[in-house]
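Chain nomenclature is as follows: A, B, C and D, assigned in order of appearance, with residue numbering initiated at 1 for each chain independently.
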Amino acid sequence: MKRFSRFLLWATGCAIFVAVAVSPAISADKIKMGFVFSMTGGAASYGVSQKEGAQLAVDQINAAAGSGMQVTPIFEDDASVPQQGTNVYNKLINGDKVAVVIGPTLSNTAKITNPIAQQIGVTVLGVSNTAGGITEIGDYIFRNSLTEAVVIPNTIRVAKEKLGLKKVVLFYGNDDAFTKSGADVFRKVLQAEGIQILGEQTFAKGDRDFSPQLTQIKSQSPDAIICSALVEEASGIVSQARQLGIAKNVRIVGGNGFNSPALIKNAGEAAEGVIVGAAWNFSSTNPLNVKFVDDYTKKYNHPPDQFAAQAFAGVFIVYQAAKSAGTADNRKAIRDAMLKIKGIDTLLGKFSFTEGRDADHSPVVQEVKNGKFSVFVK
Amino acid sequence: MNLLAQQLVNGLFIGSVYGLFAVGYTLVFGVLDILNLAHAAVFTLGGLSAVWLVQAAGMSIWLAFPLATLLAGGLGLLINAAAFAPLRRRADSQFSGLISSIAMAIIFDAAALGLFGARSVRFPPGTVKVHVWQIAGVTITSLQVGIVLVATLLMLILTLFLQRSRTGKAIRTVAENERAAMLLGVNVSGIIAFTFFISSALGGAAGVLYGLYFDSLAPDMGRAIELKGLAVIILGGMGSIPGAILGGLAFGLSEVLTVAVSGTSNLRDAVAFTVLFAILLLRPSGLLGRGKLREA
Amino acid sequence: MNLSVDNISRSFGGVQALMDVSFEVELGTIHGLIGPNGAGKTTLINILSGVLPPTHGQVLYQGLSLHHLPAHQVAALGVARTFQNIRLFPTMTCLENVQAGQHLTAERPLMPRLLRLPSAGREDRELEERARDNLVRVGLGDRASHPARSLSYGERRRLEIARALALNPSLLLLDEPVAGMRRGEAAEVADLIRSLVQGGMTILLIEHNMAFVMEICSCITVLNFGRVITTGSPDAVRRHRDVIEAYLGSERGDA
Amino acid sequence: MEQLAQFYAVYGSVINFIGINALLALSLNFTLAAGMLSLGNAAFAGIGGYTAGILTVHLKAPLIVSLCGGSLMAGVVGLLLGMPVLRLKGVFLAMATLAFGEVVRIAAVNLDITGGAEGLTGIPNITRTWMIFLALALAAYFMATLRRSRIGWGLISIREDETAAACLGVDITYYKVVAFTIGAMVAGFAGAMYAHLNYLITPRDFGFFIAVDLLVYNIVGGTRIWYGPILGAALLTALPEILRGVGVAAGPVRLAVNGVILLLVILFLPNGLASLFTRLRPVAVKTGRAERT
């Protein structure tokens, strides 16, 4: 055993030195993309979707490129922990010398890791970060994920218009950055729209039992339940609400976190009528989207979610920028080309970056109908 | 009034799930004085494998449930063989056992992730028929009643088994005094392995029931309940089986009542853990503990 | 100015371990405490050393009440003890066990050590010297760097005495100091105990080895079922009817 | 030289985290040295981190003031918590400190001044590698020296046998509270440095699983000598990078290998990694002269 441990220490040393000595050569006709996704840990279900979406995009690009510019993907796992995210960023940027980084999965990790890329001058494209203060980190930081600040006001406006909401209850996860900041936006928008908030209830990440809160909510008889949650919790909330006898006409309204086939799969019948404001429209007839949903379902045997869709789109956006810059390794040129991305066709629709390098495309309000997401029309 | 009644029903239900989870935890602690932190991972694997049996292998839940329970019990044997048995003679087995069980938990988590994927899954709709009853404005489902019944039944069987059967008596002897048990001709290591089997089987059963009710199973579902399970066995008294059940109910009710009384859920977990903290200071042996501190 | 045990009672749950136990220990003597198993001897030692509080009654030592003093304050008054079930520090060496026993007699201030002042090294060397002397005194001079758990049973008892001596106690409570020892070893301990008393120490000891007790104690208290049967000289105790009965009635052949 | 710079560019953050984690592990070692199993040190790190972050962000305090302020605050809380809690032993102490940790985490989630779930943002990234390792060196030196002082002898006696220690005159409660408070201060300092390394701290950085990690570092490295926790923290912090280096793909497999290595260390190195370097004895006492000359 002693020997084994000595070996381990030895191996550590060797691994580190090999990693340093073999600084990878950069080839000009292959663009190196670093992907930082949470493939294990608490956010694993999102990270895995993202990886699948990104992999599909890379495969399609490489198959189509022929002798043109190929993509060399390097997938790394941040284990849903910011510390590891930092380590992975340093490794990708300084060790592998990637041209761009796509990721990381979680906004909180992005706030810690993106300054590293900004300082060195490497483009980062967030494909799932929706919290505030991400692109503000610097002029190398982009994202193609519509923020809650864009999606939610639209959702509430549409819902108010079509359902005549007057009084609602806000229900959210208060120990998670995504769900908490979503709730803050909901609260502000609801107040601005003059909709009364009867009360607020919270849950914690990982909770599966929501009946105490839903029982309270039921007793307040709201017109709708406004919910900021990720899909793991969302499906439980939806099905338990119906089980507790909260009537179907009390709609449940959610944001980006709800936009996953898992909602319908896990909540089943109860998901009918749930309103989901989101960045990506599953049932969009945009040919790029139809093809994506088809290809993805064929390859992985399950339908894609928003995480996969945005990651897929992200790879194409970056590839587009690199191609128009005519370089696979000039980090600054790629960034400059990213700034110029305007109105390109993606599965998300016509896509541009705003002045602040955030996503600019129109959000969608969907409704679950007959076991499918469809555009909300009353 | 309806509101409060509904909340009490909610609390009793979730409390009995906590209790079932905690019974396995506390059984191992009662016998070995060791915390098995891989228990939550067994809970997860039990639930996920039952989903797999129903979904991919097309079994009825009535077959998948006992099979998954047995499988979880097998994991218990594995935990014992790989992580606890080799350490038993070590002076620091309380500490090192804790760590080796963490190692097993990591390995099981990885297995869950690799075998079943990161996404949340559920039992196919209609796996069990669910009726919803409205009694005086209080909603109860047949699934809830069934789960409480199954949990009660399992705990009754366990209690009777420990009190009446030969093996059960041997387990209690080992818990009381390992050396004495050995002198009495009890196969101590066999009994310990068997205890792990039962403990993990119960954990797996809890995972299946949990998954059946909440319709959402994922590799990290053990994480949230792990901490609560620890709180429950402290609350009830380490090593006490009725204590674990009572602790589960108490913890479930404290969560629900915090929501019901304060009208908001921000304080739910804070209250639960503050109560735990206070109980430790005022009555360290828990509600039904063996009435002695370690090393007293 | 003796050690006086005054109406001590102690119960555990419903079980009365000690009932109105009173006796005096004259300073500078060896006082024996005997009685059948379960008579409450170790409980009494635990009360005297502050490990357990009594339910009733009090203990006076050199005119001071030990009432409800915690163990470390009792130790600070010069009361040291050994344990029936031997409580050495198992992973430490013999020398370290004794050095740990110097807690009250050594300063070992942190600051000079952090600053590596020569005074710290000097103190450590002196303390080590003293600890070695204690080891030599109990006949373990050649075992200084052996781990405590590698010692034989008798050696462990002697090491415990050495550790207790490191406190420079005025009163030493020995709980079965020669249990499990060979005859020659026990005789050495008897010599050691006598020499300690000659140096002015007071000793209260529990022992089942009657020959040993009768030989070295000047006064003996007999306990049975938590009560004092008698206190007196070895001869008087030997002849006491109740004592004989207590022993013959409960244990045979131990005396 | 250039290679060194390149090495630092790739692994600088790993090195920093090794230092921080080692300091945190060492903070727990102060309590473990007296045989106390505490799961509260992650929470103390959190208290230190939030206090320091708030001092820097809201009061524009200089770094050293923030670091000391964080450490002090953690120490005060440690003192207040330690007095009632340290009567408990073993698993019960672990659970009480765990409950405390959860309450701290939930407080951080619900308070405004801590920034809630999104965390405290805008903390400048001003902790440098040398600062971390200077602090670690000082703490390690302190730990190593402490063991030879009166407090250290008392703590080790308590770990070995509480009753016997009390009968040697060791004031159990006092020494335990001292050790617990020192541990809390070191943890608070480490947490404060961490806050200034990351731009952002969130309640999740200091939760239950971090507390367990600290214990794992100690047991894997070895609790009985000052460099044990440092070795444990170094190996386990670098492990993902090592596995990456030897080509174990990201994902479940890497997680499993992680678990297996942990299991192997605990099974086959009873005194932790430290036992590879020394025949472990609880206290490093130099035997001044040869025995039985």
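The rule is short, and it goes like this: a contact is a pair of C-beta atoms (placed from the backbone, for glycine too) under 8 Å apart; a residue touches a chain by one contact, two chains touch by 3 or more.
Predicted model only: the values in this text are computed from it and were never measured.
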* Touching chain A and chain D alike: which chains? -> B
* What chain is the most remote from chain D, judged by the mean position of CA atoms in each chain? -> C
* **Central chain (distance from its CA mean to the mean of all protein CA atoms)** => D
* Cα centroid separation between chain B and chain C, in whole Å? -> 48
* Report the inter-chain centroid distance for chain C and chain D in whole angstrom, where each centroid is the mean of the CA atoms. => 40
* Chain centre separation in whole Å, for chain C relative to chain A (CA means) -> 71
* Asked: Quick one: chain B and chain D, Cα centre-to-centre, how many Å?
  -> 30
* Going by the touch rule set out above, which residues of chain B reach two or more other chains? -> 110, 113, 266, 269
* Numbers and ranges of chain C residues touching at least 2 other chains -> 90
* Structure fact -> In chain D, the residues touching two or more other chains are 106, 110, 251-252, 255
* Asked: What kind of graph do the touching chains make: line, ring, star, complete, other?
  -> other
* Identify every two-chain combination in which the chains touch. => A-B, A-D, B-D, C-D
* **Complex contacts: residues of chain A adjacent to chain D** => 1-2, 4-6, 8, 11-12, 15-16, 18-21, 23, 39-40, 75-77, 79, 82-84, 86-87, 89-91, 94-95, 108, 111-112, 115-116, 131, 133, 173-177, 179-181
* To do: Would you mind writing out the residues of chain C in touch with chain D in their complex?
  => 49-51, 70-72, 74-76, 80-81, 83, 87-93, 95-96, 99-104, 106-110, 113-114, 124-125, 128, 142, 144-145, 147, 163, 166-167
* Once bound in the complex, which stretches of chain B touch chain A? -> 2-3, 6-7, 10-11, 13-14, 17, 110, 113, 117-122, 125, 132, 134, 139, 141, 210, 214-216, 218-221, 223-224, 255-256, 259-260, 263-266, 268-269
* Structure fact -> Contacts from chain B onto chain D in the complex sit at residues 29, 35, 37, 82-83, 86-87, 90, 92, 94-96, 98-100, 102-107, 109-111, 113-114, 227, 230-231, 234, 238, 266, 269-270, 273-274, 276-277, 280-281, 284, 293-295
* Which of the residues in chain A end up touching chain B in this complex? -> 39-42, 44-45, 47-49, 174, 199-209, 211-213, 215-216, 219, 231-232, 235-236, 239, 243-245, 262, 265-269, 302
